[in-house]
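Labels A, B, C and D are assigned to the chains in the order they are written; within every chain, residues are numbered from 1.
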Amino acid sequence: MAIQEKCRIEDHKQVGPRHYKLTLASQYLASHAQPGQFVNVRCCETSDPLLRRPISLHRIDAQKGMIELLYEVVGRGTELLSKKPVGQELDLLGPLGAGFKIDPAKKIHLMAGGGMGIAPLRALAEQVTGRGSRVAGQAVYILIGAKNKESLIGEDELRKTTDQVQTATDDGSAGKKGVVTDLLLDFLDSQLSVTSYPLSVIYACGPRLMLKAVAEIARQKKIDCQLSLEERMACGIGACKGCPVKTVSGYKMVCKDGPVFDAKELVWN
Amino acid sequence: MAIQEKCRIEDHKQVGPRHYKLTLASQYLASHAQPGQFVNVRCCETSDPLLRRPISLHRIDAQKGMIELLYEVVGRGTELLSKKPVGQELDLLGPLGAGFKIDPAKKIHLMAGGGMGIAPLRALAEQVTGRGSRVAGQAVYILIGAKNKESLIGEDELRKTTDQVQTATDDGSAGKKGVVTDLLLDFLDSQLSVTSYPLSVIYACGPRLMLKAVAEIARQKKIDCQLSLEERMACGIGACKGCPVKTVSGYKMVCKDGPVFDAKELVWN
Amino acid sequence: MELAGIELKNPVMVASGTFGWGREYADYLDLNKLGAIVTKSITLLPREGNPPPRIVETPSGMLNSIGLQNEGLDYFLKEDLPFLAKFATPLIVNIAGESAEEYAELAKRLSRETAVKGIEVNISCPNVKKGGMAFGVDAGLTKEVIAAVKKATSQPIIAKLTPNVTDITVIGQAAVDAGADALSAINTLVGMAIDIETGGSRLGTLTGGLSGPAIKPVAVRMVYELARAVNVPVIGIGGIMSGGDAAEFLLAGAQAVEVGTANFVDTAAPLRILAELNDHVHRHPRALNLS
Amino acid sequence: MELAGIELKNPVMVASGTFGWGREYADYLDLNKLGAIVTKSITLLPREGNPPPRIVETPSGMLNSIGLQNEGLDYFLKEDLPFLAKFATPLIVNIAGESAEEYAELAKRLSRETAVKGIEVNISCPNVKKGGMAFGVDAGLTKEVIAAVKKATSQPIIAKLTPNVTDITVIGQAAVDAGADALSAINTLVGMAIDIETGGSRLGTLTGGLSGPAIKPVAVRMVYELARAVNVPVIGIGGIMSGGDAAEFLLAGAQAVEVGTANFVDTAAPLRILAELNDHVHRHPRALNLS
């Protein structure tokens, strides 16, 4: 069950050119949220901007009663958010949506993040590896794509969760020159045996075109694949029918039925 | 001439229950503003609240290149303003309007402020007394009315400019129990000889009803009187015709023709 | 309190399409405490709705182009009504159709349900190609639809009006003449938002419906006009975010209000607004002073 | 650039009533750089305007009830025109009247002035008891006023339309049929704000005109509808605060824009908006993709 709650800002750091990490105190969210779920954040008290902003859970620490959000300033809502000082309270609604599903039959976890798409992958990786400590028989590989070196956020932190982190940038200023699907294809073709495919699962989050390409790769290679989608939202709780995504069984709501969907369910156009 | 300018916040202090003093760096405003003039302040960058907020110049310090504003949080604009930290810049338009006129023939300056109406009187008192040091032959008396002790703001500071400060509160929790016009009447009747009336001038700023009462007293006693009015504003520069006040020669604009008017000009209803 | 024969628990209801089927908000507030629940518009057959994006934020408002996505009447009766029937709060079902016959059929079948206490007739949805607002901008068609619904049901009928007209009192009067027991106003204003990068609409459709605080001044004005023109109760809708906003509509002549977009911003909105309104009314027992 | 026979310096003009007589803004920006100056509405005789308060802020907008306060045509010709004539910027004079004859008389006398390059006919002011919007909500009266003005002048005529209508293209077409060389849209939406402490209007009048970012989605939609319906240029107005907003109107089909309420927020608004627009157009040489 989700709740609407005012949470104290415990930490708020700039971690990239327009990127921030926000730590919030919430025993409820920290104990109930699942990787892939999100919170709907009220960025201001006046009516402009009016709507909440959906942000994924980047880290979920039940022990400390803390959650972390990782976000990029792209417009007015996130701009206002970035100005909020430590100590102030933030009005959150969450945890919302259906997160990633961890299938115990899968041993190889490939996580592909494009841009800010890496945000929910940290929580996921920590969940799979038991919050930081590696779990025997479970391999986590993280593939990150970004525009350039500066916008490659969180790599070091992800390495704390798995030593298998590969990066690509559009301009080659860090990691491989190329996009995250290049890394994925390369990995599947040269670092994973075809016999491991049934034991593997791909989780991806990022721009729509990237997700479409990942879905296509997964389909071709017959690998299970879960995608975290984005859509403009109003309510965030399935009430307004504002955030549809086309699936094989008609429109589903990204906020409620997702944001994580099985790639096989989705209809691209 | 007024300009639109971003000014750095040099100091910002809470000085009462909902009252703040804001010090801004602006050589231009500090050198050009006259007591009774105001600045039109942009309280937020988004479109809600949309319009600027008019605030009087509380102090004008050409030497330091600083101005001070004294304001009360009464709504969303002033609320947002009160949150602005030192170091941030504030978008100001000013100095605007016609301020108090200091007539060299007047020797006795009676200043009556109700509530936040004392804000412009500080600058005026400092002007009359030559910024803090008493000027021979010029007497400045300041009468302040407020709801209660807590909202009696700036008394101590005003005493630095003149030792003639009298106060009244509605509930008698400080100074005399009563309103500022009680102080004024009392002063005129028992502390000033009728022969001094022609050498005297009353300046008043405060709620409309108070100003109306002050105007009536001045009319009866035949004392010159200047009143600083308030009206809802949009442009602040005489362009929109949004802030009319009825005068003997038709509607005039508070922002441009005022905010200070000769009491004789005004038509009350 | 009673409004057009419906026993409201209080004057603060939730607006159609902004509160889902109640279920979605049940975790966040006690549905028993609402003035009434107004459902999202229901159509005879399931509707898939419009392509995404369906939401664009605008200054102090939002455009939506949902397009009446819903599972249709049968599904509603089977899946949603039993849930809603559990609450002590009166249920008002909002209906939309492409013809007067469809509206009548919906009304007829809904009035068989004892849980349904009133029918709000949406003749003002701007997001569908057929029906919806096309009725509500035309006094003749308004009459036709409302008269058909009136014949089909003995339930109280609320005609929900569109603000996209020159004179809302003409449409309101037509609805009353045809048998509407109350009017609700306003539905959304038709608006557009263009993506300046692509040159295309920022919605999946060309236009959408504008709601939220931005439209409140227009809504208050239209409610005021209606309340003076017709002799049935008017329900005020449009940009209500606070008890003060609700009070404004009541002062304008509304007997009750519906809270819409505010639900998205604050899941507790209707009950917060009710508490603020009660508090205000307490401090101002009687304040109505419009010339 | 040329618009309906007027040589605009660029597509960003200032909107009537929000830029005074130019003079008020001369300290803040170079009037020579504006696309055109549109004056506040001028009436034949002086008008005192409405009682205060005349301004109420609303979410992302404002209501005004100025009521066309101005000193009348004679005063304008004597005191304001000589000042405005000094600038290289084309001058468009906005006129308002209580009858077709008054509009015609204004147009006739203004067209004798060589400094006047065009006449904007305000048939959309919501803040006067007679004339104004009463014309602009009625296709017949619109035709009557515009035809009278057309007969009285050979200057380019811009009919300024009200959004408070069911179908703005009907009024727009009527204006074009009667001889309008261009249309400008929109004037303000009629709105109300009630003081919940007193129960009275927060304006000195009962209603006011809503302007600012809040109305932009409605304005863009109406400009889009007009641009597709008529074969004269359309000037977009309503809530333009940035170059992006201006671009939105151009993409919707406007040939130029007028900046209104933004002038109150930022005295440099029109030139900032022009710079931002040029920058945008530079990055997006051709982006127009509305279905």
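In this section, a contact is a pair of C-beta atoms (placed from the backbone, for glycine too) under 8 Å apart; a residue touches a chain by one contact, two chains touch by 3 or more.
Please read these numbers as outputs of a predicted model, since none were measured by experiment.
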Hey, what chains does chain A share as contacts with chain C? B, D
Relative to chain B, largest Cα-centroid distance belongs to chain A
Decide which interface, B-D or B-C, involves more C-beta pairs in contact, and give its chain pair. B-D
Per the C-alpha means, the centres of chain B and chain C lie apart by a whole-Å value of 48
Whole-Å distance, C-alpha centre of chain B to that of chain D, is 36
Rounded Å distance, chain C centre to chain D centre (Cα mean): 33
Between chain A and chain B, the Cα-mean centres are separated in Å by 55
When you check chain D against every other chain, which residues touch at least two of them? 59-61, 212-214
Can you list the residues of chain A that touch 2 or more other chains? 47-49
What topology does the chain contact graph adopt: line, ring, star, complete, or other? complete
Under the definition above, what is the set of chain C residues touching chain A in their complex? 17-20, 24-25, 27-28, 40, 48-49, 51-57, 59-62, 64, 66, 69, 212-214, 241, 261, 263-268
Which of the residues in chain B end up touching chain C in this complex? 46-48
List of chain A residues in touch with chain C within their complex: 1-4, 42, 47-52, 93, 231-245, 250-251, 256
In the complex of these two chains, what residues of chain D are touching chain C? 58-61, 63, 137, 164-167, 189-194, 196-201, 206-208, 210, 212-218, 220-221, 224, 239, 244, 247-248, 251-252, 280, 284, 287-291
Over in the complex, which chain C residues touch chain B? Could you list them? 59-60, 213
